[in-house]
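Going in written order, the chains are labelled A, B, C, D and E, and every chain counts its residues from 1.
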Amino acid sequence: MSLEELAFIVLAAVALFTAVAALLVRELVHTILWIAVFFVDISAIYFLLEAPFLGVLQLGVYAGAVTVLLLFGVMLTRKRIFSREAVTGLDAVPLSLAVVTFIFVVTAVGQLPQSSETLSVYDPTLLSQNLFGTNGPWLLLLGLLMMGAVAGSIYLVREGRE
Amino acid sequence: MRRLEWGGWVSVAFSGAAMVVGVLIGVGEMVNPGTYTDVRYTWLHLAPAPGPFPNGFSLVVGTLVDPISALMLIVVTVVGFLVMLYSIGYMHQDRGLPRYYAELSLFLTAMSGLVLADNLLEFFVFWELVGVCSYFLIGFYYEKPSAASAAKEAFIVTRVGDIMFLLGIFLYFYNFALAGPAGSGGWAANGFLFVNGNQPYLLGHGLGGNSTLLTVAGIMILGGAAGKSAQFPLHVWLPDAMEGPTTVSALIHAATMVAAGVYLLAVASLFLGFTSTDQLAIVGIGGFTAFFAATMAVVHPDIKRVIAYSTISQLGYMVMAVGAGFAMVGLFHLFTHAFFKALLFLAAGSVIHAVGTQDLFKMGGLRKTMRLTAIAFAVGGLALAGIPPFAGFWSKDDILSAVYSQLGSHPAYWPFFLLAFAAVFLTAYYIFRAWFLAFSGDHPRDPSLGHAHEGPWTMQVPLVLLSALACGAGLLIFVPGFQSLLLSGAGATGIPPVYGTTDLLISAASVALGVSGIALAWVLWGNGRVYALPETSAAQPVRRLLLKRYYFKIGYDWIGAKGVYTIARAADFFDRFVIDGTVHGFERAFALVSNRLRRIQSGVVSDYAAYVVAGLIALFVILLIVAPYVVSRLGGG
Amino acid sequence: MIPLLSVIVATLAAGTVLTFLAGSRARWVALATTIVFLAEVAALFAAFPGWPGYNSALVPGFADGESYSWISIAWMHVNYTVGVDGISLVLILLTAVLQLATVVYSWEEQKRPAAYFGLVLLTCFGCFGVFIALDVLLFFLFWEAVLIPMFFLIGYWGGPQRRYAALKFFVYTHVASIVMLVGMLALVFYSGAASFDFSAIYASARGLSSVLQSFMFLALFFGFGVKFPIVPFHTWLPDAHVEAPTGGSVLLAGLLLKLGAYGLIRWAVELLPSGLHTMQPVLYVVAFVSIIWGSVLSLSQRDMKRLVAYSSINHMGIVLLAIALDSSLGLLAAVLLMFAHGIVSALLFMASGSVHHTFGTRDIPAVGGITPTTPTLSTLIMVGSLASLGLPALISFPAEFTALLATWNTLAYWVFVPLIILVVTAGFYLWMMQRMLFGPARGIPSTAHDVPWYEGAAMAILVAFTVLFGILPGLLVNVIMNSPIHGFPGT
Amino acid sequence: MDLSSFAGPFLPEILLLAGTLLIFLLDVLGIRRIEVTGAVAAGASALALLFVVADLGFAPLAFLANLSAGQVDVAIAPGATPLYAFTSLGLVFQGIFLTASFLVALASMSRPSNERGAPIFFGLLLLATLGMLLVTIASDLIFLLLSVEIVSISTYLLVAYTRKDVRSLEAAMKFYIIGALSTTLSFFGASLLYGAYGTTNLFAIRAVAGSVGYPVLVLLGYGFLIAGLAFKATLVPFHAWAVDVYDGAPTDVTAFLTGGSKKVGLFAIFLVFLGPVLFVAPGAGGSPFSGGTVNIGPVLQVTLAILAVLTMTVGNVLALLQKEMKRMLAYSSISQAGYMLIGIVIGTSPALTGATLQMFANVFMKTGVFLVVAGVTALGVGPLIDDWKGLGTRRPLLGVAFGLMLLSLAGVPLTLGFVSKFVLFSSAVEAQGYFVWLAVAGLLNSALSVFYYARVLKVMFFDRPEPDALPTGAVAGGSEPSLLAAGGLGYARATAIALIAVAVVAFGVYPQPVLGAISNAAQHFIHVGP
Amino acid sequence: MTALPLVGFVALSSALFAVGLFGILTRRNFILVLIAIEIAMNAAILNFVYFGAFSNGTAGLTGQAVAVVLIGFAATEVAVGLAIVLALNRVKGTINVAQANELKL
């Protein structure tokens, strides 16, 4: 077992654990903490996959911005749900649905190459060329999307005076 | 009132003209026998085409005069005119006079059309029209429920016969279509039903066809005749048809329409041919009916119904004659019977007109006030009873002799011949029982009947004329022209008519029976008094059976009203609750499913998400397992 | 060359629209339209066959063919193709006559007369279209177009249960037409016809394998059969008839039922000969069951309209039987019967409508002895009943006789079934006449009076046709025989 | 880069974007009157629509055309992986979406002129439409999904734009959660396909669709994608949100959702699945687990066929007993999606023609009915179908227009709905084989649907209104409104409704122009497009 | 660069995705649902990244490019979601998704 493999197993375990923990803890603020750890962990996986640009982006957007957003969301709605989140427990039906989905997806593993393969390593400049060149329209679309989202969201959360 | 009567006179005038023409045609046939056809209108033409009629065919309408139709035409027009005339007096108080004359005129038209029809289809058309006129006229007093009911009964019962007749037409058609062109002869020569262009190819004597089919065809024709001529077992309607005006009974239900059945049988036997089985069936029905109807007449208290039963019985004789192969003999009896039976009816009508009731037991002693009527009735009675030289004697004895002559060829004729023979006695008895009950004695048994008197001259003239005919019509048989008329009419059958050559033994016996019948009637009823049959008498059940008409009417009513309507109601139930219920069941099932399915729309978004994930898993199952299997079964697309 | 058929289409379309817009004068517009329509139909008759526009290459086998492209894409060619032959011409005459009778009968309609007359015209327009359409889509379009106005006629002007009846009618017939549509589409696409035109399908479909033909025939038969209606898909009919206003009933019985029979002849029998041949036993059974069921059920009805409605099932059963015989005589009989039933049932429905107006009920046992009060009405009822039970010299007789003869020719002794049922038919009509017309007066309101002039006139028109074609059926036969597609070469 | 050559083809999109920005600018400037913002939105849509129609080759508008023949339906060079490509079918759909947005914008101008949310409503409406237009030109999976997301995000916010209405916020919440879930599914599926094919380009995938070594991965990926896109297209069982959202959303938004955004999902399914569906491997089918070639095409056909039948049946059955007008129409809208799916299931150009025409028809019919419902609700009529009693006789023109739309939905002849169903089911029969059963299923469902449409007609025309249940709508005073008066609907909305009613009949009578264009487009799409 | 098993990544992302699904299905707090959605989204992004990493050339780059775009998209989505949460909280006083069930049947 190489070091990378070991690191991957640890990171994977942490990711799973934090994800589950975030959903199962009773205190919402703890959830935010766990999810922050989750995002950081995923970022680490990106680094492991030799995608440092993504890792940084993940840290900045997810571990940073999204977490803060969620925290604000919790705080702004907190008054009314001061009591701890009622844990609904492990409902059999949703759990089995999730597990079955997992099983189905994992069945694909059987046809994937079992042996380890060499990872391609990409220079971030190449990535940026791709992002702003060939696949530039994606970002354009993202921009449009954000424009609408921002305009609408601001309108929505603004206290109406009518 | 005057305006109404004026309309009646129009009808009388026209029917008089018709009588003149009819009699002229008859005389013409006597002078110059033969077959004459006239205008033909193509009613429906099927051009040659592939299929069952490679040459195509036409249904035509036209007129045809031959000896037998001439004979019949005389009867129809003469009796028709006399009844029309009589009706002026008889019906003068009725508000429905215009309707009466219109319907009666329509009837005469249809009847003449029937007689002059040149093919069976046209025959059938007029046959039906005659039936519907009868329906209207029986129901003339439609406010009376019994009249409306009787009209309906008559229509339905005769329709049963009509249906058989129609099937008979089809059978003959099929038979002759197989037989192909052959032979010649009056009706047949002019295209019995279907002609190809003007070239007849479906003809009489077409015995080359399937004999079973022919037998069935004959039975079907018999069925049709039985319906119109009220033969057993379709006889029930005729007595009830007496709900109509008496004049109608005289014309339609004695002289003409009911005779159309016999006429049909005669035509069929002359031009289409019956197998021996058919003949036996016809003789059987006729002979049995002759006796059977006579028994019922014996006890009946209603003067018209007695005569009606007598009509059925006499028609039985005619049918029997035709069945035995002596169509012209049957028609001869038809000829004479028309006059004396019309006479009897008109005389009875005269009585009813005078006393206002039909119940014999309320009448009595009318001969003093209604001498003419009494004489006329007696003449009619004597003719009916077969007392020489009155008309009935000649024709009835012809029939008996004719059938007697055929007994050798068909042993099974014996019982029917004997029944018919016995009926002669009953005939004489019941008609004179009626005469004695009505006319003998000192005064009406029901004092409320008041003072009876004769009708106006319009009623008396027909009585006189018909009396003369009832006396003399039988003697026509000795007139050469008339003889040749009958002979040429029978020419096609191969069996010679036996008129005028009555077997003396048979004649003597029947006259003896007739006289003894009259004698018995005189002994029992001659003094004008009525004896009640003791309740305990052994004859009581018999009397009840006869009065109840052997329960036929009740039985038919039961089948019709109870049986059929029960089925109909059951069917209605089935239709509403099972068939429509199934439809509603579908509706309800959909509603149920819809209601159940609606509950998945719980309003909780988590559930919706669960549906999405469940759907996703279902998609996986389909994509990975089900669909590949289906595709491999379908063979790759 | 005058495209007469299209001129009629235009006339009817314009007339209908104008009627809808005419407000209180709608009846006059409707009447005018009808009269023009009648005149045009007369012209059609006068020019038949050999109308100057006749173009045998255009629509083979049909007089006065017209064809214009309508939808044309790579795989679908739909044309506006119309044409008439003898069979359709007779039914067009029926349409015109019934339209006239209905408009006259409804002369004093008070409830939204413009919409009422408009819908009546629209119904007739649709029927006319069905009879001339020689393209699958055009046919289906007119076929369905009849549904809508009838739905509204029943639903708005009908009796107490009208909403239920309208819905039932609509859904029932719509389901049927959908199945029919599948059959027709299969006909087009499986045969590889060049277009949706009748003649194109005729050229290609008759050669299909008999299995395919049978399936298609079955689909078409179901589709047309519900309109017939065949048992057991008939239960919409009594409800629709009973609840419909009189005009609606007249059109329903007189025309709509004919659409099914006409469709079966034109689009199934003519195009799928071996399908018909294979399915013949099925058709026989259905026909016999319908004949028996219709008349037996008529026996148990108390409502006059319901009685006539069930007797329609019986009569249309005979039509089906005649069609199923697959002989030219049978076809002739079927068309004659359709015409006859159209006229006679219309007469009887009008009569029952008048009974309802006059006595406030159609319950047969509830009224009796009406003849002295309403002699005209009872005469008309009598004529109608007698015609319906097949009295000679009235219109049904030649038709029924031909049908029975054709049945006999093909099925031999099975002819007993319709024959015996004729007795039953006589039974219920006579029962009705006995109870209603005869006997002592019963249940007659003091306000009862004889039919108003317009109702009488409408029925008189129908009586005239009943008698005319009863005595001279040859007039119709000669026209019907002019349908070359059936091997009738004409007279 | 020659701006004009880049901008020209995108003129409609640019117009919409400009409209959006203008509206937001006006908002900032304090100009919020609905007449103004609405006019901008309607104008931008209409103008864009004109250009699209011109691009489609409509001769009288040829001078407006921006796309040359060489830019539409161009065969893609092997190995090329463009992100977008212009296809005639895409242009047809652009027309469809622009029609929806134009109609909704036009009708919405009749809402109270002081409505606060007007700028955001119209801005997001145009933005969503822009997203739709981008979907139609996508030839790359990510491009496609992102464009779909533009539509989604805009419509989440559109549903919530009233801000204070609990029902519409609840609807927005449901819409958002299920939408986000579906987005996740879509992207996860896209990632699996990317893993299997090594590309996200639809042309590239189409070229190799059947010959991939990981059939399980591919099928799983398609499964996720179907589920994700089925959310937008409201296919059963991914439809549950739709009823609540259609019900809870402001009705004009509902009109847009059902008329526009739903078709995006269906068109996306066209784009994604047409390639694989057309692909038939040389060998016979086998289990994907056993390796080797799997006939992905037929497998997807069967799967989608099941979805199609399920969708139309469940939608119809559920609509049967609905008592509320909007929910009934929502269910009917779901069932309509099933019909359209038939087109992609069959995958022939006639079938695509049929499905596209069906969507074209649906834009008018479904948008139309919801616009009417919105107007009638504004008149004070309650949400239940029974509240509509007597409307048809009280307001004949509105009743007739609504009746026409319902009849068209039910597929009654001489309406556009009939023609579309006729063409669609014809195409199923034309394809022969077991597709005929799809036609039968569809037709029977269409028969079933008649039940509830006819019921509405019955209520509107045959039932008597309860006294004073129905406001005559127009103005004070109980007098019957004049036939031609817009009444309380407002002239803009009345115009939109009238346009729709006329279109439903006009195209129903003479569909050739539209049908010819669509048929052409579909043929090209099969042979040339992604 | 050293080797890593693709299988492991697939297993991880499917497991994370399943966890996300589970959260979406069971959590009643809107914010928790948002978090669950983000977990699932991350699984998808992770898929793109490692599938890209395991393939060659520009195709591999595509995976990373998609990931970049998706990270941005996910953040936007969360923002919109939060806006809806806040609006809902304002009018309804709860962000429990199960309690917003006025629209049903």
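Just so we're on the same page, a contact is a pair of C-beta atoms (placed from the backbone, for glycine too) under 8 Å apart; a residue touches a chain by one contact, two chains touch by 3 or more.
Just so it is clear, the model here is predicted, and its values are computed rather than measured.
J.: Along the graph of touching chains, what's the shortest path length in steps from chain C to chain E?
T.: Minimum step count, chain C to chain E: 2.
J.: Find out how few touching-chain steps suffice to connect chain B with chain C.
T.: The fewest steps needed to get from chain B to chain C is 1.
J.: So, comparing C-alpha centroids, which chain is the farthest one from chain C?
T.: A
J.: Comparing centres built from CA atoms, which chain ends up most distant from chain E?
T.: Measuring from the centre of chain E, the most distant chain centre belongs to B.
J.: By Cα centroids, which chain is closest to the centre of the whole protein?
T.: Closest chain centre to the overall C-alpha centroid: C.
J.: Does A-E or A-B have the larger number of C-beta pairs in contact?
T.: Contact tally favours A-E.
J.: How many angstrom between the C-alpha centroids of chain E and chain D?
T.: Here chain D and chain E have centroids separated by 27 Å.
J.: Compute the distance, rounded to whole Å, between the mean C-alpha positions of chain A and chain C.
T.: 71
J.: Nearest whole angstrom, what separates the Cα centre of chain B from the Cα centre of chain E?
T.: Centres of chain B and chain E (C-alpha means) sit 96 Å apart.
J.: On a C-alpha centroid basis, what's the spacing between chain C and chain D, in Å?
T.: Inter-chain centre distance comes to 42 Å.
J.: Mind pulling the residue numbers of chain B that touch at least two other chains?
T.: Those would be 598, 601, 603, 605-606, 609-610, 613-614, 616, 620, 624.
J.: So which stretches of chain E touch two or more other chains?
T.: Expected reply: 10, 17, 20-21, 24-28, 30, 34, 52, 55, 62, 66, 69, 73, 76-77, 80, 83-85, 87, 97, 100-105.
J.: Hunt down the residues of chain A that sit against at least two other chains at once, touch-wise.
T.: Chain A, residues with two or more chain partners: 93-94, 97-98, 101, 104-105, 107-108, 112, 134-135, 138, 142, 145, 149, 152-153, 156.
J.: Every touching chain pair, please?
T.: Inter-chain contacts occur between A-B, A-D, A-E, B-C, B-D, B-E, C-D, D-E.
J.: Which residues of chain B touch chain D once you look at their complex with the stated criterion?
T.: Result: residues 590-591, 593-595, 597-598, 600-601, 603, 605, 607-609, 611-612, 614-616, 618-620, 622-632, 634-637 of chain B touch chain D.
J.: Show me the residue ranges of chain D that touch chain B in the complex, using the header's touch definition.
T.: On the chain D side, the touching residues are 173-174, 177-178, 181-182, 185, 216, 219-220, 222-224, 226-227, 230-231, 236-238, 240-241, 243-244, 280-281, 283-289, 294-295, 297-303, 306, 314, 317-318, 320-321, 434, 448.
J.: Of all residues in chain D, which touch chain A in the complex?
T.: Answer in residue numbers: 17, 20, 24, 83-84, 116-117, 120, 123-124, 127-128, 130-131, 134, 142-143, 146-147, 149-150, 153-154, 156-158, 160-161, 163-164, 192, 213-217, 220, 289, 291.
J.: With touch defined as at the start, can you tell me which chain E residues reach chain A in the complex?
T.: Touching chain A from chain E are residues 1-12, 14-23, 25-32, 34-36, 38-39, 42, 46, 49-50, 52-58, 60-62, 64-69, 71-80, 82-87, 89-90, 93-96.
J.: Show which residues of chain B lie in contact with chain A when the two form their complex.
T.: On the chain B side, the touching residues are 606, 610, 613-614, 616-617, 620, 624.
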